[in-house]
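Right after this note come the structures.
Each of the next two complexes has subunit A plus one other chain: subunit B in the first, subunit C in the second.
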Partner chain A sequence: MSKPIVATTSLAGCFGCHMSLLDIDERILELFQLVEFNKSPIDDIKTFTKQCDIGLIEGGCCNSENIHVLKDFRKNCKIIVSVGECAIMGGLPALRNGIPVKECLAEAYLDGPTVGNNTEGILPNNEELPMILDRVYPCHEVVKVDYHLPGCPPRADLIWEALVALVTGNELKLPYEVVKFD
Partner chain B sequence: MSEKIKFTIDGKQCLAKKGQNVLDAALENGVYIPFLCHVKGVKQAGSCRICNVKVAGRTMTACTTPVAPGMEVENDIPELHDLRLAIIEALFVEGNHFCPSCEKSGNCELQALAYRYQMMVPRFPYSFPQKEIDASNSKILIDRNRCVLCKRCIRSFQDDQGRNLFAFKSRGHKVEINIDKECAVNLSDELAQEIMDVCPVGALIRKEKGFNEPIGTRKYDKKPIGSEITSVV
Partner chain C sequence: MRTTVKTIIEKYNNDKTRLMDILMDIQNNFGFISDKFVEVIARETGLSIVDVEQTLTFYHFFSKKPVGEYAVYLNNSVVANMKGRAAVAKAFEEELGCKFGNLCDDGKIGLYNTACIGMSDQEPAAIINDTVFTSLTPLKVKGIVQQMREGKKVTEMIDVIGDGNNSSPLINSMVFNNIRKEGPVLFSEYEVGAAVKKVTEMTPNEVVDEVKSSYLRGRGGAGFPTGLKWEFCRKSEGPRYIHCNADEGEPGTFKERVILTELPKLLFEGMAIAAYALDAKEGIIYLRGEYKYLKNYLEAVLEEMKTANLLGENICGKKGFDFEIRIQFGAGAYVCGEESALIESAEGKRGEPRNRPPFPVQKGYLGMPTVVNNVETICTVVKIINNGADWFSMMGSHESTGTKLISVSGDCDFPGVYAIEWGMRIRDLLEIAGTEDVLAVQIGGPSGVCIGSKEFKRTISFEDIPTGGAITIIGKDRDIIKDVVVNYMDFFIDESCGSCVPCRAITVLMRNKLQKIIDGNGVMNDLDDLVDWGAKMKIANRCGLGQTAANPILTTLENFREKYEALIDKDSDYNTGFDLEKAVADSCAYVDRVPNL
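Entry: the complex of A and B
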């Protein structure tokens, strides 16, 4: 039987959740025995080369590219897991929710104390750049998400236990200490 | 000696003093009923609804219901478990509860209840409301993003003339907690700490004293809320 295939990505996140995945330490060897990775920063595969079983999503959706990638994951993965507070509730980037995008861009590129010599008052507008969304969206408000792993980042043990439970089909029994929101 | 009233919670025989509410009586009898707005010794508000129990098929708040002789209270049942979790989830989406940046994280009762009930994600959509922060007081910061409108602070703190330190302003979805600028002009550090401790969330924060305890040593890092009364099954 072939191994289950896992894909991972970071949308509007800080890669902290990926770092937490690496915090499983030597169990990573065991993980590679259990699963095969496809599109993921772990193996640097940039695009889906086959249908995957599990998609781990870090970060929420703050721009059009995030939406595109998330929908691509939904299409290519049987199970989607929101990993971390940003994927679940927007997290730190969602602090801008409620502030008009125009004001956010003005603060970042025109009026902010660290703005350099943008004398012409240009806002980034190249068509190559993804469009900023009106607010940051939790992943499950964009596509159907099957499971959620809270934490900032989720404890390595939580990611590990959840992955193993998904792959083996065993019941997930989580100790109190591993489900935390910070 | 006043006579004790006999009643049961989930079949367990309990005793209450005359006039005592179900919540206080339960805690004294070693039964944990979860709550957010209740403060022992302070007039009940019944505002958070988390202490909902069932009596004779009807749902009522344990903190505002006096014990009656022979009362049969249902507490630890799946229906109430889901109702309480739904209320906790509603509180999370109604405010802006970004735990990783909150000074109260680890000591927050709302967060602790979410841990106890293993909330992975709220079932309701996030509302991302716009709330004002009031940092004008020299000792207390009011972050309304995190306020759950439980009225604990309003009910708990009066000055020497009996004037409330805190009060609600506006109505409906605009209601917000405010500090009386004149009454609260010279708060001591001890009182500021007491105010922060009474607030079940991180809406009232003592200034210049944040993130004091390392992760792993905070109140609810290792032990669920209420575990000193009833452990999580």
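Entry: the complex of A and C
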């Protein structure tokens, strides 16, 4: 049997979840025995080269680029997993959700205390740039998400166990401490 | 200005438990309650600024910003919409050139939406500076706006005078009673004061026993046995209080308005009887702010009752039988109809329901044992005392004795108040209300149940379908999801006190899910989610509001599931409804860029 293929990406996240994945330490060698990586920052493959089994998504969606990548993942992966708070609920980037996007842009580019050099009041609008969404969306509000791995970031052990469970078909145990945050 | 605020506060002896009255007087005097006023109130009453603020911001009719010389509160309930509210609202907006939720005409006139104002039998209706305007039409709106611009007094703007006591000089209102069926209990002839005279010859325990043996149950909705409530209260050491719940905020209910208009003496006498049974010296009528147009009239009746020695000191010559009633006005908060929230509000606080136990009969108003009874319940007691418990319990059904006032409104020829015997079939009520082609009947307001024709054989009773009194008839041409359920969910979202997270958050999530379905993005799984979340609402909220806030969706899903399924694409198993074009529209417009999707 060929090895399951895993893809990963970070959307509106901080790469912390990917760092947490690296925190599995030497087990990363074991992981490479178990699975093959495709599109992912881990092996620096930029585009999907084949259909994958598992897509791990870090971060929610704050711009059009995130949407395209997420939809691309949904198309190319059998199973999509939202990894971490931002993918599941929007996380820190979603702090802007109560504020109209116009006000956010004005604060970032025109009125904020650190925009001194933008004397001409330029707002980024080059068509090469991703378009900003009206709010930050959790992944499951854009595409169907099969599993959610909670945490900020999810502990390395949890990511490891979840991956092993998915690959081996065993049940994943989510201890209370892992899903309770307050 | 400050001196006036101080005078108002002094009028209430700088008493922090009278904060509702203080805020209301300031609101009425100045049209708003500024930060400066809040500071003065805090200083003079010994409250902290946030204490004052949290009460102030809780109630719909208090405002930190000016609401206008004329503040128009137009009802946006389901029935108001059925009766043409949209055209009336449009007329207001067009005449004034501004939208609801804003001040128009240089701050002279404010337009605001408000929840049901208890006029469902004469909608569309609005309250302008405490005066009620009923059966509005776009044409009438033109006239009203013109008169407001001329600076006319609102009381001089009404063009019709209602029936019964509505036409008395102290009320002088457009409101009609619409009593369609009088029934043998509340509206029957009686001698004012006879019952209270009779109880002075009994012991308090005998009075409690008489009420107990009538099997009278609370008329507000929950149906707790009244005599038992009194007995529990007597077990706690006093001073005890009797509160009358006249908050009727359940959309579609208006029967208490009619009692207060036509039978206030019956109510006050009932409270005196309760006071005698409980050995209470003080009583409060908690009256919804929407009924402030009855204030002068009710106060005059209270005086009259005192003069007749039916209230005050040594009532009916019985030494030591002293009882005073104070009217406490609410300020537009549905949740204050919940008894512990009502008590909180009467103490000058936010109307947040308390945790129970302790129950109000143990620790209620000011921490003292308090009985909270509905207006209709208290009035019924008088008739029970007069005619005997046996007379009363012969009527109705086994678990629901006596009669019940029902407020009927919606798609029918004869909206109004019906006194029916418990156990009446819904079908029979629909017939006398003059209906044809009924799609659904909402029983007990938004927190009740919505049933279809298959269930019309069922009865109005505690054994079958209980109700606090609201029956809203929904005709065949209505879209039950868009016209009814959405409005009810918005109502609960607005009226949740926010204390319990499920009530605050799941109501919004369910409303969003409903919108997703209406927008054509629903999948079958969404219906399962709604049922699942609704079930959690029942177990995870503190008070009746939260526990029933999912009912508009749950009961229509149960009885009209096909209406939901018709909106759903059954081939799709997942649809988030995400629309990229819509999501980037705002930011692209702001940075001046054509979206490249």
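Observations, loosely collected:
Rule of thumb we're sticking to: the second predicted complex is superposed on the first by the 173 of 182 C-alpha atoms of A that agree within 3 Å, B and C clash if a C-alpha of one lies under 4 Å from a C-alpha of the other, contacts with A are read in each partner's own complex, and residues count from 1 in each chain.
One rule holds for everything that comes next: a contact is a pair of C-beta atoms (placed from the backbone, for glycine too) under 8 Å apart; a residue touches a chain by one contact, two chains touch by 3 or more.
Predicted, not measured: the structure shown is a model, and the values here were computed from it.
Once chain A of one complex is fitted onto chain A of the other, the partner contacts of A:55 are absent, as it touches neither subunit B nor subunit C.
Using the contact criterion defined above for the overlaid structures, shared-chain residue A:64 touches subunit C, although it does not reach subunit B. In the superposition on chain A, contact of A:93 is made with neither subunit B nor subunit C. In the overlay built on the shared chain, the residue A:154 is in contact with neither subunit B nor subunit C.
In the superposed model, A:132 makes contact with subunit C only, not with subunit B. When the shared chain is aligned, subunit B and subunit C each come close enough to touch A:140.
When both complexes are overlaid on chain A, the residue A:124 reaches subunit C alone and has no touch with subunit B. When the two complexes are superposed, the chain touching more residues of subunit A, out of subunit B and subunit C, is B. By the touch criterion stated above, A:101 is placed in contact with subunit C alone, subunit B being left untouched.
Comparing the two complexes, residues 135, 140-141 of subunit A contact subunit B in one case and subunit C in the other. Residues 574, 576, 578, 580, 582-588, 590-597 of subunit C are the ones that touch subunit A when the two sit in their complex. Contact residues of subunit B toward subunit A in the complex are 92, 96, 98-102, 105-106, 111, 114-115, 118-122, 125-126, 128-130, 215, 221-224, 232. Subunit A contributes residues 64, 67, 100-102, 105-106, 123-125, 127, 131-135, 137, 140-144 to its touches with subunit C in the complex. Touching subunit B in their complex are the following residues of subunit A: 82, 85, 88-92, 94-95, 97-98, 135, 138, 140-141, 145, 147-150, 152, 174, 176-177, 179-182.
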